[in-house]
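The two complexes that follow have chain A in common; it is paired with chain B in the first and with chain C in the second.
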Partner chain A sequence: MAETISNISLAGIVKRYGDVTALDGVSLVLDKNEYVSLLGPSGSGKTSLLRVIAGFERPDAGTVTVFGRDVTNLAPHKRGIGFVFQNFALFPHLSVYQNVAFGLVNADTPPPADEVRRRVTEMIRLVGLTGLEGRDIGQISGGQRQRVALARTLVTEPRLILLDEPLGALDANLRMRMRDELRNIRERLGVTFLHVTGSETEALAMGDRVVVLDRGAIAQFATPDTIMNSPANPNVARFLNRYNVLLGELRGDAFVTAYGDLAYGKRIESSDGAYGIRYDRIAVVGETAPSAGVEVPVTFVASEYLGSAVMYFFEAADGHILEVEHHLGKGRMPEYRSREKYKLQWKPEDAIVFG
Partner chain B sequence: MAEHTDTAESAKNRTAYWLIAPGALWMTLFLAVPILMIVYVSFWTQTTFKIEPILTLASWKQFFASETYIGSLFTTIRLWLIVLAATFLLGYPTALFVGLFVKSKTISTVLLVICVIPFWTSFLIRVLAWRPMLGKEGAINIILQKLGLISSPIEALLFSEISVVIGMTQIYVVFMVGPIAFMLSRIDRNIIEAARDLGASFWRIFFKIILPLSLPGVIVGAIFVSVMVLGEFATAAALSGRKVNLLGNIIVTQVGSLKWALASVVGVILTVIMGLVIAGFLRVVDLKKEL
Partner chain C sequence: MESRVLKPVLAVYVGLFILFLYGPFIVLGILSFQQGPEGGPQFPIIEWSTYWYRHIFGLTPPSRVAPLPFGQSLIRSLTLAFMTMVTSTVLGVMSAQAFRSKFKGSGVVFYLIVLGMMVPGVLTGLGTALTANSLGIERHWWSTAYVTHVVYTFPFAFLVMLAILNRFDSSVEEASWSLGVPPMRTFRKVTFPLIFPGVLSAMLFAFTLSYDEFSRTLFASGRDQTLPLAIYGTFAVEIHPNIFAFGVLTTLFSFSLLTVYAILMTMSVRRAGKAAIQEDIA
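Here is the complex of A and B:
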């Protein structure tokens, strides 16, 4: 019976620290064999949620169920859940091989020695560390440490692996490489990954599905594509760092703001009123250009060159900064003069409204 | 150009030498020279009233021929091992609590300071305070009798080897606690959680992770305790009623009766033992790598 349910489910998880409610009724079902990213700003409860799932902390309410088995009150290692720490937390006095073998050798009922050797060797090969077995932890690079941390957890064959900002300790280049690496390793093993990150690009790039956590509650749980195109509320849109979120009020067919009534294409039910337009769906035209679609008069402030794109920052009448992204693939980089007046234009169907 | 960097380099080197000079001079004058002097004096000829720089092995033969002196050599080594074990057994759990189990850095610092409080009184008072504690009519015997646990006072508590061990352990245990607590406090808590997550039990985590990672602290603490206990004489003099004679006590007696040559022999033997002990401890752990 228990084994027929092959998912990991959280139901109504509440965690308080004194007066602060870190998790406020989190419910979530992770399927077997999927990569889920958990995105949230700092202080949203990401780490608390992870520690509750892992069993390092007990929730004040709610249950954690792994493949149909209630593990809420079980010790961390009895849950079938592995944890990869942000700083890797490798055992500094042990070699690469000994680190990976630790969980097997020190289990309550360790497997026979030749099985340990086979599984550890196989796992080291899988994460691409063959040849480094005898090295000390101090003698390998950051990326290699990440792999040791992963292998050390994977070798115990957990059903779910929790990764706490696993790429945070790596430099930018390595981070990009490890993204692919993590996805590949996961696919080969068919285990569920829950990858916590504060980076929206990382969350969208890596997750089959993305959980957005906001102030201790789940704001949205959907595919990256859905989250990107239909954020559940203005906060989610803000976390994505791809939307200009304008404040105002929804009145009938128009969204009323300080810069006039703005037309929109899609409406998303939400308790907070806001108007969202993506950075890359905005055209910049001169002050005297003919009107088209939705228009907001602005003043140019600054630009930032990102290599493949340029971000332009414009100030609206009320001081709100609007960002416009210009992909350099679309043509040469336009130049705007500082403090000069321009108009931002976009098609109503590209805009979404919350309310 | 090359010449210019050369001069800059050598000027830097000169500065470095000036930094080390006072220390080197001090150590030469007051450590190296006296040690060599002690070795030298141990071969001098000692008569009842004077000592002459005529080389002889007489004092060395006298030491090794005497049952008393050889006995005190073994007493010193035995007491050192007992006190070392006692400070470790008492100190490690304390350090474990202070360095690892107390989560707040402030509280752990406060606790370490509390460990040092006995040092605010003088060494002599700390040692002598054990007399009214351990004596025949001392606090411990009175309490045990009042509780009805014993009918007559335990006399072996004071003026015995036990009282010396108790006294020394109390005085030196803090030198064990400090370095161990320091090493323990440097262990990343995530490492312990990781070990727990991987399924290791408390004792396995202790023996496989915590103990190995704190070993440099144990070694440093053991070196501190060993050096101090091996050179001890005051605790034995105050608490053993002259029943326990350590090598240190022999040096005191011999110097007191102006027998410089024999005192030097004992001094050389003690120095050699300490050197061997420290070298032995340093072989256990590569402190260079750990600190």
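Here is the complex of A and C:
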């Protein structure tokens, strides 16, 4: 009967460490076979949430239900929830094969030896580590370790796998490759993933849906597309690292800031007033260029070359830094002179306003 | 500039240290090869011989020098040291494990345990003897002395394990749980192998401290003596070089223990080294 409820649900999770409230009433429902990214700045309670779900920490309030079973007070080893650690936490005294086999061999009721061998061998093949079975953990690379950590968890066939920034320790190339591999593995095995990450690109790229956590509470839970185009509040927009967030006050049809009244296209209900414009929706024109759309006078500060794009940093009258992204696919890199005055222009319909 | 002065000074210091550490032993070692049975425990060496070594094992014709009464006491001391080692290490591991999570009164308990190292041994021994007497408990090396030895060595084992567990990354344990492995099995399969170097050190501490413990045992051991007491007992009569020969043999025994320790340590450190590399990359 329990299996008919095919989701993982958290209800009103509260977790305090002394006077600090790490999680302040988190409620969340994850569907079966869904890949959910959990995005938030450091200190937002991401890891605490994962540890509560895994059972390493007991919440001060709230319940964790996995496929209809209340596991809030269940010991971690009885939950059937896999956990992939940021530092991988491999068993350094065991070989690659022994690491992967560990959960099966040491289960309460271990499967027969030949089945263990078959499943472990198959899993090692799946993550592409065939031939390295006998190696010690110290003799393989970072990416290979990450795959051992994943294989070790997957082979026990948990229904939910929690990933705590498992790609954070890898270099950029490897991170991209592992991202693809994670997706492939999930498509083949059909488990629910909850992936904590501090990287907004990773969160948006990997998640079917993205949870944005802010100061121990859920700020938004939606598809990457929705999050990107309609962040629920100014903080979410800031975490995405794609928006210039200007402060001011919403008055009727205009958003009043230190640089004048700015027009906008979309309004999002929020308790905090702010004005958001994406880095890549802004045009830079000379001081004397004709006016068009929304306009803010600025001074050029610096630029940063990113390979596929260039980031330009401009300072507005109140000292606020505005970022402009220029994709190099659009043409060659424009040059601006330091401390020269320019104007930033954008279309009102590209801007969103919170308030 | 500074090192031109400092280095020779430090070298002299180290030289003196080694001299004081090994000097007495070297003197004893030389004297143990004194001629027997007439030769005494002093220089000069009349004639080099292994007489006193043979004397210990009863391989010499009977003479006026009585054989050392160490056979039984050596076995007692070894047994006692072994019992103490096992008990203290088990207790040390368990209590240090308990201290990984802060519990109510953990500070007080910590100092109560560590105090066992500080209390003068003579007092502990005397106290144990008096308590045993007033309770009508007979004193033996395997009962009252054993208890004082455990009380004495347990804090050392505890502190060693505490230091080891302080550095222990508990995420490997959590990883094991999340793979469905119960806590006790996790301890046996993950925690214990990883803290094994520390356990070895704790064992070494407990064994050596117990093996040559004197002041506590003096009061607490009752009729049957342990080795340190037996050795001391022979001083009261007359000193012959056989005691030096015996000293050399027990020291060699200690060295072999240390060698076993070093081999086991190297084996487990090599594994831990791999673990360290893993952390560096991660």
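Keep this in mind: the second predicted complex is superposed on the first by the 355 of 355 C-alpha atoms of A that agree within 3 Å, B and C clash if a C-alpha of one lies under 4 Å from a C-alpha of the other, contacts with A are read in each partner's own complex, and residues count from 1 in each chain.
Convention: a residue touches a chain if its C-beta (ideal position, glycine included) is under 8 Å from a C-beta of that chain, and two chains touch if they have at least 3 such contacts.
Small disclaimer: the values here were computed from a predicted structure and weren't measured.
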Q) Clash or fit: how do chain B and chain C relate after the overlay on chain A? A) clash
Q: For A:Pro234, decide between first (touching chain B), second (touching chain C), both and neither.
A: neither
Q: Return first, second, both or neither, reflecting whether A:Ile137 touches chain B, chain C, both chains, or no partner chain.
A: second
Q) Once the shared chain is lined up, is A:Gly248 touching chain B (first), chain C (second), both, or neither of them? A) neither
Q: Look at A:Phe56 in the shared chain and tell me whether it touches chain B only, chain C only, both, or neither; answer first, second, both or neither.
A: both
Q) Which of the two, chain B or chain C, is in touch with more residues of chain A? A) C
Q: With the two complexes superposed on chain A, say which partner A:Arg145 touches: chain B (first), chain C (second), both, or neither.
A: second
Q) In the superposed arrangement, does A:Gly207 touch chain B (first), chain C (second), both or neither? A) neither
Q) After superposition on the shared chain, which partner residues are touched by A:Pro76: those of chain B (first), chain C (second), both, or neither? A) both
Q. When the two structures are overlaid on chain A, which partner does A:Ala89 contact: first (chain B), second (chain C), both, or neither?
A. both
Q.
Just to be sure I read the superposition right, which of the two partners does A:Asp108 touch: chain B = first, chain C = second, or both, or neither?
A. both
Q. Both chain B and chain C contact which residues of chain A?
A. 54-56, 75-78, 81-83, 85, 87, 89-93, 102-103, 106-108, 152-153, 156
Q | Residue ranges of chain A in contact with chain B within the complex | A | 54-56, 75-78, 81-83, 85, 87, 89-93, 102-103, 106-108, 152-153, 156
Q: Flag every residue of chain B that touches chain A in the complex, lowest number first.
A: 188, 190-191, 193-201, 204, 208-209, 212-213
**Q.** Interfacial residue positions of chain C with respect to chain A in the complex
**A.** 169, 171-172, 174-183, 185-186, 189-190, 193-194, 271-275, 277-279, 281-282
Q: Show which residues of chain A lie in contact with chain C when the two form their complex.
A: 54-56, 75-83, 85-93, 102-103, 106-108, 136-139, 141-142, 145, 149, 152-153, 156, 158, 169
